[in-house]
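Shared between the two complexes below is chain A, which has chain B as its partner in the first and chain C in the second.
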Partner chain A sequence: MLKIVKQYADEFRNLDNGHFSTEPVAIQNIRISAMERFTELGFPNNKLEEWKNTNLDGLTKTLFKLPSGKQTQITPETIVPFSIEGTHRLVILNGKYLPELSNLDNLLTTIEIKNFSEALTDDSSLLAPYLGKIADYTNHPFVALNTAFMDDGIFIHVPDNQIIENPIHLLYISSPTDENTVFHLRNMIIVGVNSEITIIEDYVGLDNKKYFTNVVTEMAVKENGTIHHIKIQQESARAHHISTLQVHLDSASSVSLDSFIVGSSMTRNDISAILNGEGADCKMNGLVLAKDSQHIDNHTILDHAMPHGTSSELFKGIYTGKAHGIFNGRIIVRKNAQKTDARQTNKNLLLSDSALVNSNPQLEIYADDVKCTHGSTTGQLEEEALFYLRSRGLDIRTAQALLLHGFADQILNKISNLAIKAYLQSILSNWLSGIKT
Partner chain B sequence: MNSDLQTIEKHISQEYKYGFVTDIAQETIPAGLDEQVVRLISAKKNEPEWMTRWRLKAYRNWIKMTEPTWAKVKYSPIDYQAISYYSAPIKDSKKLKSLDEVDPEILRTYEKLGIPLEEQKWLAGVAVDAVFDSVSVATTFKEQLNKHGVIFCPFSEAVQKHPELIKKYLGSVVPYTDNFFAALNSAVFSDGSFVYIPKGVRCPMELSTYFRINAANTGQFERTLIIADEGSYVSYLEGCTAPMRDENQLHAAVVELIAHKDATIKYSTVQNWYPGDPKTGKGGIFNFVTKRGICKGDNSKISWTQVETGSAITWKYPSVILKGDHSIGEFYSVALTNNYQQADTGTKMIHIGKNTKSTIISKGISAGYGQNTYRGSVKIMKGAENARNYSQCDSLLIGDKCGAHTFPYIDVRNPTARMEHEASTSTIGEDQLFYSNQRGISTEDAISMIVNGFCKEVFKELPMEFAVEAQKLMEVSLEGSVG
Partner chain C sequence: MLEIKNLHVSVEGKPILKGINLTVNAGELHAIMGPNGSGKTTLAQVIAGRDMYEVTDGEIIFDGKNLLKMTPEARALEGVFMSFQYPVVIPGVNITYFLKTAVNAMRKHKGLEELDAIDFLTFIKEKMRLVRMDESYLSRSVNDGFSGGEKKRNEILQMLVLEPRMSVLDETDSGLDIDAVRIVANGLNNFRSKERGFLVITHYQRILGYIDPDYVHVLKNGRIIKSGGKNLALELEEKGYSWLVEEQPIEA
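Entry: the complex of A and B
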């Protein structure tokens, strides 16, 4: 066992004897078995196909400590730049729910929403069928580590036949008091029959400390339910962000998963959706904006397990500086999943000589009556398009900016809520004005 | 069809003369592999010291390697110590006495492919008193090749006659450290072909293993080396469409191509080895091949075309290293898996030089319980300004028990590169079949028509006579795949 893995195991043992012992036994057992699994698996290395292009030295050479008891003070003004009009907001500061900055309004009358650590004890019967079952900790070391240490986050349960109009904005702010802090965040979202909800998971870093966010989000949507899930990752420049998002779709349900990634020094983003019921639909879109020596690794899986499912995926990335981008998208169509229609596209723009992209779109198909396609392109801005704009009097910078905006807008336009779209537009414009083209 | 081929055709379809002596019976080395065996193989072939040393280095490297497991194929482990690494040509006593003893299924296939009776015997391994008069066939084309200075001979002959070329190029594209099977091949390779095309020569005919003398017993570890010197052109054909009887289950071949400045190599393969029992999948050939070419000089071009319909397991990635500026790499492939066949095949295009171009067209067809995987990699290195790649990988599924998988790896390190990859997986539409039936075309014929249309882009890259056979082959291989 590596020294670092042992250190995590020791730390776990200390907590298990103290802090965790107040939790229901079932939860404690999950933690223990996840920790056992983590010590067996250890940290992944480049020899594993799934981690081939991602160097984890930055994460595995330092022991990241759990947040100290001291909490950073933030004022309502701090979060003004991150507010989205017309949304309910829940703030999680340094891995702990902060009720005073959250506004739930009248939400609690229709749905159940609370911080995760509380739900672990109060709603363990509601959690039990899903916890650790959607996000499998037996194969993924970081999910195992998270499951062992899972602390706070948000638990949302929408009962049947409820349509929640206003999006819920989960704002995770990291501003740790100490260097090398780790946040094992855990979220769970269960949406009942015929219900609908929009959720924004927004990760924000406030200062330039080095920290590690290890988040696992489990979602399940029942028959004919709908989830719009938007993930925004704008961590600070030295942060490591490892995220696992797993969704189970029942029949005729519909899920859209949109990712916007601009922050962190290293990101590994695992998104996977299992279409477990007939006629489910999943849309997955992503936009990566990476510069300097950012390393952004996206792994997506669309697993069609039942017939008549549809899925479409569009992942785009703009890479400049020495950024390294990875797109690994897999479509699986299982034996039963006849009449599946799955499409996947990955488009990458390289703006500098030192940027690098690995694109691995994959199809794994075991049923015959299906339509599956994938496409991948990598290149730079079209000379002809630039020439066209310049011949109409635009200077080169404006022309480039316009084309880049256009490239990114294809993803932003998939968001129907105007306030969220405007919020993302400002992130995009900020980023574009900060790069040299 | 050119006149040379007509000559050959005439010769192989004529009555065969009696009295050809095949007195080359030799003992078989007991199963197992160690340094002694490697030395023995080398000694049997009367190889020079440097060749023996090279084999030994490869062997020592091989024992340190482990068998790769990343391919999407399943098979029970191979016991490398249970294989005999040097066996003499099958003795007559082991051979079947007449065509009556041959599996009628195979005979039916021969008939469908239109293979002459005597040739059928040869392919099925039936003892024939009359052997092909290959000498006369060979002489006709040998003279012509000599005139142009083209060297085309068995690999073992080249080791004796052209050691300077072998020393310079052997292992220069596929080093013995490359992978498990390439290392094994380097240690124990039996024989193969050697081709050298001198500067500025356009090889006057399509070179084919099929017509090379003694090609019948190249054994299970074949080694091919083709060198096209500046400004030359060669088209090389490997294999044949008829199913071959073979005693060896494991085949690990290595093919190395070297294209110098302005040279072009076109390499076409039709592989139709025994795929195993259609009901259980037992006994088929394992075909683990390493094929790689290097476009060494500027403006050079290497083009791979393959039609893979045989073998129980195919594990094969013909690749091109595009080193020279403006060089071109091409890969055209049709891979068909029926019954219990498994194929994990694709290509690697490594762009190093400026303005290099590569095209990948891959067509996978799965039927029965077949599992067909396209696995390809396109790498654009930092210095490869304006590199261009176009890949298209289409899969066709027939039946609901087969699988088709596409795993492309695309790595781009240069912003001026333009990469496009497209893949699709679909089935033959009920409407397409209905349309055909309505017009009086039977379902079988309609499927064959649709499949051939699906493969057309690749077939058109094959030399004419191969293309016609390949189409027939698809029909035969797909037989019974519709319920």
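Entry: the complex of A and C
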């Protein structure tokens, strides 16, 4: 066993004897078996196909400690730049839920929403069918590590026949008092029959600290239910962000998963949807904005298990400096999933000679009556389009900015909520004005 | 106003234009005709500043200034406009935003106050009526999903809003239906003035019938092999290009 893996195991044993002992036994057992699994698997390495382009030295050479318990002080002003109009906000600061900066208003009358670590004890029977079952810890080292240590996060349960109008903004702010802190955040979102909800998972780094976010989000949507999920990753430039987002779709349900990634020094996103009921629909969109020596790895899976499912995926990236991007998009159409319609597109812009993208679409089709398309392009800004704009009097910088905005707007325009779109626009504008082209 | 002298241009080392001499004075409209691949688009793009075309010899002077030394945007701001034979589709870039940015860049250059969103909309809607473009285009991306004819009208719209002194129109009439050719020709005629010059590249006599060129030139194999009045276009329509022998280029 690697020394670092053993250190995590030791840390777990210390906690297990105290902190976790008040939890239901079933939960404790899940933690223990997850920790066992993690010690068996260890950290992934480049020999594994799924990890071949991502170097994890930054994570495996340092022990990241659990939050110290000392809390950074923030005021309502701190979060003003991250407020999105018309949303309910829940704040998690350095891995700990902050009720005083959260506003649930009247939400609690219609849905159940609470700190995940409380739900582990209070709602264990509601959680049990999903916990560790949507996000499998037996094969994913970071999910195993998270499951062993899972702590605060948000648990949301929307009962049947409830349309929740206002989006819920989960704001995870990291500004740890000690460097090399790890946050094992855990979220679960269960949406009932005919219900609908919009969730924003927003990861923010307040300063230039080095820390490690290891988050797992499990979502399940029942028959004819809808989830709009928007993930925004604007971690500190020195942060490591490892995220696993998994969703199970029942029949006729629809889910959109939109990812916006600007932050961190290293990111690995595993986003997967299993279309487990007939006629489910999943839309997956992503925008990566990467510069300097950022390393952004997106692995997506759209797993069609039942007939008449539809999925469309559009992942785009703008890379400059020495940034390295990975897009690995897998579409699986199982034998039973006849009449599936799956589309995938990956488009990348490289603004510098040293930027690099590995794009790897993977289609695994076991049914015969399906429509599946995929396409991937990586290139520079189109010279012809640039010339067209310049020939109308736009200077080269303005022309480039317009084209880059246009490239990114195709993703932003998928967001129908105007306040969320405006929030993302400002992140985009900020990023674009900060790069050299 | 525009003087092209002994212009030689190559693409990827291959000579395309082999000594073009042409002067367009203010108030004049010159038509250029010629077989496919003769170099008409190359000439238009070189005037507008496309850098993939390499000028190996000669010069282009616009109002006494060396055009070849200027960036494409500087040429546009000085008053040179080129309507693209194949207008570029730019998904995601809103047409209103693009036109407003271009118009305001031009106004700024002329020392005029920039138009705000409301004034710009009034301005652009009036110009759109001239080329019979529906206001619904304003919410679309630049040329994205436009039909061939719609793209060409959009080019003319851009000419009308940017108000260039020298306009080079590269097959703006190709792909237009019969009514649209008349609409575009009318738009062009209304825009003509004794301060403005035009170079109209076309394959068809139809548009020339509406716009009444002062000169017609035939470009073949990278050279202007014949120049004449508007009757030359009629003659070409009837006889094609093969009867014209390639004369030696006229000395500049």
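Everything below uses one rule, namely that the second predicted complex is superposed on the first by the 437 of 437 C-alpha atoms of A that agree within 3 Å, B and C clash if a C-alpha of one lies under 4 Å from a C-alpha of the other, contacts with A are read in each partner's own complex, and residues count from 1 in each chain.
As a working rule, a residue touches a chain if its C-beta (ideal position, glycine included) is under 8 Å from a C-beta of that chain, and two chains touch if they have at least 3 such contacts.
Every value quoted in this text rests on a predicted model; they were computed, and no experiment measured them.
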| item | value |
| --- | --- |
| Chain A as common anchor, with chain B and chain C clashing or fitting | fit |
| Chain B versus chain C as contact partner of A:389, first or second or both or neither | second |
| Which superposed partner A:398 touches (first chain B, second chain C, both, neither) | second |
| Chain C, chain A and chain B - angle at the middle CA centre, rounded to the nearest 10 degrees | 70 |
| Touching partner for A:359 - first (chain B), second (chain C), both, neither | first |
| Greater chain A contact set [chain C / chain B] | B |
| Shortest CA-CA distance in Å separating chain B from chain C in the superposed model | 12 |
| Residues of chain A at both interfaces, chain B in one complex, chain C in the other | none |
| Residue ranges of chain A touching chain B (in the complex, touch as defined) | 49, 333, 335, 338, 348, 350-353, 355-380 |
| Contacting residues of chain B [partner chain A, same complex] | 70, 382, 395, 397-427 |
| Contacting residues of chain A [partner chain C, same complex] | 382-385, 387-396, 398-399, 402-403, 405-410, 413 |
| Chain A-touching residues of chain C, taken from the complex the two chains share | 48-52, 71-73, 75-77, 81-82, 84, 87-88, 90-94, 97-98, 101-102, 105-106, 109, 141-142, 158, 162 |
